[in-house]
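Common to both upcoming complexes is chain A, partnered first by chain B, then by chain C.
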Partner chain A sequence: MILPVYRLTLRALLLQRRTIMLAVVVLAPVATSLIYALARPGGSDTVDFYSGIVQKLFVPAVAALVALVFGVSAFGDEREDGTILYLVATPQPRLELVVAKVAAAWTASLVLLVPSLVLSGLLGLGSAASLRLIGWPLVGVVLASLAYCAASSWLSLKTRRPVVIGVIYILLWEGSVATYAASAAKLSISAYGSAFVAHALPQSAPPVAGLVPSALVLAAVVVLAAWGAARSLARTELP
Partner chain B sequence: MSAPAIEFTGVSRWYGDTVSLADVSFTADAGVVGLLGHNGAGKSTTLKLCAGFSTPSTGTVRIYGDNPRRNPDVYRRVGIVPDHSPPWPFLTAREVVELSARLHKVPDYREAAARAIATVELEPAADRRVAGFSHGMRQRVKLAQAIAHEPDLLLLDEPLNGLDPTQREHVIALLIRLGEQGRTVVVSSHVLHEVERMAPRVLVLVNGHLVAEGSTAGIRQLISERPRRVLVTADNARALARELMSSAAVDAVRISDGAIEVETSEPSQLSRELPAAAGRTQSLLRLIRPVGDDLESVYTYLHDRARGQAR
Partner chain C sequence: MSSEARLVDTAFTTYQGPRAGRLAAIWSLAHWSALRALGARRGWKAKVIPISLTLLAFAPALVVLGLRAILGSGSVSRSVANAVPYSDYISTIAIVVLVFSVVITPELVCPDRRDRTLSLYFSTAIGRLDYVLGKIAAALMPLLLVTLAPVLLLYVGTVLFSVHPVGYLQANWLDLPRIIVSSLIVATFYGLVGLAISSLTSRRAFAVGGYLAFLAISTVMGGVLSHALNARYFRLLAVAAAPIRAGQGLFPKYSDPGNISPVVWGSTVVEVCVVAVIVLAVRYGRDEG
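Let's look at the complex of A and B:
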């Protein structure tokens, strides 16, 4: 019975005004790539440029922010307007409700992120564009955004300020602390997402883990966050 | 023997320093039960606890012998109409009700939704979005989604709010019918005469305390038995006050600023004796006005009475 809740949540997420703002956010890497494509200096390395866009802007900021907002909204908006009562007062297992919500948030994120990444790749790489150069970063973004969605859904049921906490985690921990301290990167979702990017694009620092360990860590984040969210949903005070 | 629909045992719920419910115990089974009390009395908290939306600070809440927060399967038998939560505005009424029936695992959810929509007389607007609905129409959508899976227990928080007189009549008749079918229907309201029309049994909450419980007629009797105060303004106030003190209908008399405040447990008898007493003392009655006859005073009286403080 996941499908009706998934559809309902996806509809709610895509209809909200915030989605337009997020669409503007995902346009940033596209616009940057477009400007680069139009004013490309002679002899510049398009792969280096694209690598920078993906690793410094797309994975750690754009994908993280979009997935955070959708992940938080999946439960947060319904908690705020009280419609969550109509879902909770049903015999649906709590984990199924969470899975439907996270899947909807993930889909909504991908609706914005995938075209943005592909377009940025095509514009930034120009004639160097290939399935490998765009495909591996895409895998990283897809997996990392799932982990962000699950974690932020859990956060939205645990705290009243999930967006603030999420932004602090993304900007302060992942964007600052984890870039200087290698051990801190082990607690960074974007670092594991970047491991897939590193498989195809040159990186300034070695990836935090290989492809399989990174996929396993991201999967573990998803499972633990979904389990925690289901537990919180059964215990949280509802409006 | 099967477990009662609702069983509250020593339930208290507090939020920080605020006590919302204090040591409340009751059971509810087939029939309509009215939950009566002023705003902030603890009615919504009681319903939230019944619905599993909140956990008691102390005590236990059981719905059909189970804890809904631990076992969501209980919700197969429960329908809920929350007070302040309109359904998803971007869905049509039919979509809301079908979704509810589907999530409650009704096999033919479309048919069940159509039946529920017809029951609340919302068919003409069924395919319109909830966003454009009036408050009364939203109330009916909430009611339809709550009854679509034909629950054994229906929890309704102020369901008559926002309904016009015709709709109120219709909803009251519906709730009576559901009660007569053997379902447990718990309806909260702060309006006594509304509750007494549909609920043979009433629970009265005041400041989180369950202060009275029983038949509607019994509660009405309790209320009518409470001492009343009547303010009387007359020309010859002192003489009239002296005369009234000799009446068996009068419990106490006070004079303040030329006005007489009469306390009585027999208001009907007083209404007969007052003109006679005025005639005997040649006092011209200028004003007769009940004091503290509002609903708040009634609740306060029941509260004090429950705590043994009522005079």
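Let's look at the complex of A and C:
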């Protein structure tokens, strides 16, 4: 049962006009790298530029926004259309439904994010491009987007304004408070995603935690959010 | 049947009450739209975010005035007053203004399109232009609450705390029009751009996401490119900062990290606003309900 829910949700998420809008969003880092590749002066530090693109644009803004929209839409679209009642009427465990939805939102996010990051890396780094420089940031984006998808799916079942609250978290907390207060960064998903970026890019800001603790924190966010979403799915008044 | 029973045909009688005119219709639309966006006549959950953001916008002014009240009129008090100059107030709370506009503007137009009430509006005395004007005014009112009101409060408080209030007013009266115009620039820019992006979709969530993406991503792109290529004019891509910089240019001692003049920032503001007006004209000029 989990597979058809996953397949149907993935199709519903990708075959929408908003996917085109999100594709425009993920093209922003590629366009930035392309401009840089065309206009860079000789001897410029390509790794420094790529580090800036990944840590200032990709992880905290592009990946966060794309995962937020897909994560919210996984349950949000069904709530809006009223079809969530048919979904919860099936004799499937709530946790399985949540796992299928989060997995679909994650896959949809990666369909857009992975090519964008790889292209940005190849264009921005030029001849300095290597598997290490592109691979570690990719791991960070993959794990952070999973955590964003799970958290936003839970949020879409808890509140009627999940995108607004998600935007406030991304902009105000992660983009402002966590940037200035080191301890606040410990409650920032993007900070743990950036820890993987920092492993490959020494120019980046000091990471909030090591690789293993960051992976554990992101995994904990996913597990807690999925459990919370399953609990909300059983208790929230639907649609 | 009672002998007093009678049939009353009132279905198509003409309106006999006072006619307030077109401006009153626009004002009514603007007034109620603004109140609704701020959460009026809705549950407490709808009020929490606008009220919290408004309080955050007032926080620097309240902190400065509170400290001045505690410290009295000594030199420490004067340096506290200089900590947040009028010219830098909006840039200090820029992120709050940005989030406020992202939250408020989609609320003004998306529900009308989603609930298909546009055709109902246009079947009344309100025309398409009136509707757009009303919504622009509706966006401006709450935005001025976070851009103009806190700075005015700081100005009034500073006048009251100064040793010679009349002397302070005589020396700094020009700051008042500067504060008003710079706040209007910021509110108009964020209001128009927010309405234009929100008019593209009926889903509030996607309007919020699209607006955020436009402001945040263009800002980061501008910063990264100008730094990497050492080309200062790439900073103009940071459209979210353009109205703030243009407003700061009205005050003396204007400085910009990239030495971009306020006129250039101002022209960026005008260009983006013109595009926003064109988008609104296209979206509301067509025959759709």
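Heads up, the rule we're going with is that the second predicted complex is superposed on the first by the 236 of 239 C-alpha atoms of A that agree within 3 Å, B and C clash if a C-alpha of one lies under 4 Å from a C-alpha of the other, contacts with A are read in each partner's own complex, and residues count from 1 in each chain.
The criterion applied here is as follows: contacts are C-beta pairs under 8 Å (C-beta built on N, C-alpha and C of every residue); 3 or more make two chains touch, one makes a residue touch a chain.
Not measured: the values here are computed from a predicted model.
Touch criterion met: A:Arg11 reaches chain B, while chain C stays clear of it.
When both complexes are overlaid on chain A, the residue A:Gly175 reaches chain C alone and has no touch with chain B. Once chain A of one complex is fitted onto chain A of the other, the partner contacts of A:Gly76 are limited to chain C, with no touch recorded for chain B. Applying the stated contact rule after C-alpha superposition, one finds that A:Arg235 touches chain B and leaves chain C untouched.
Of the two partner chains placed around the shared chain by superposition, neither chain B nor chain C is touched by A:Pro137.
Look at A:Gly52: by the touch rule set out above, it reaches chain C but stays clear of chain B.
Within the superposed three-chain model, A:Pro93 lies in touch with chain B and out of touch with chain C [touch as defined at top].
In the superposed pair of complexes, A:Ala39 makes contact with chain C only, with no contact to chain B.
Touched residues of chain A were counted for both chain B and chain C, and C has more of them. Of the residues of chain A, not a single one touches chain B in one of the two structures and chain C in the other.
Contacts from chain A toward chain C in the complex involve residues 18, 21, 25, 28, 31-32, 35-36, 39-41, 44, 48-49, 52-53, 56-57, 61-62, 65, 68-69, 72-73, 76, 159-165, 167-168, 170-172, 175-176. The residues of chain B lying in touch with chain A in their complex are 48, 51-55, 69-70, 72-76, 78, 80, 82, 84-88, 90-91, 96, 99-100, 102-105, 145. Of all residues in chain C, those touching chain A in their complex are 45, 49, 95-96, 98-99, 102-103, 203-206, 208-210, 212-213, 216-218, 220-221, 223-225, 227-231.
In the complex of the two chains, the chain A residues touching chain B come out as 1, 4-5, 8, 11-12, 15, 81-83, 85-94, 234-235, 237-239.
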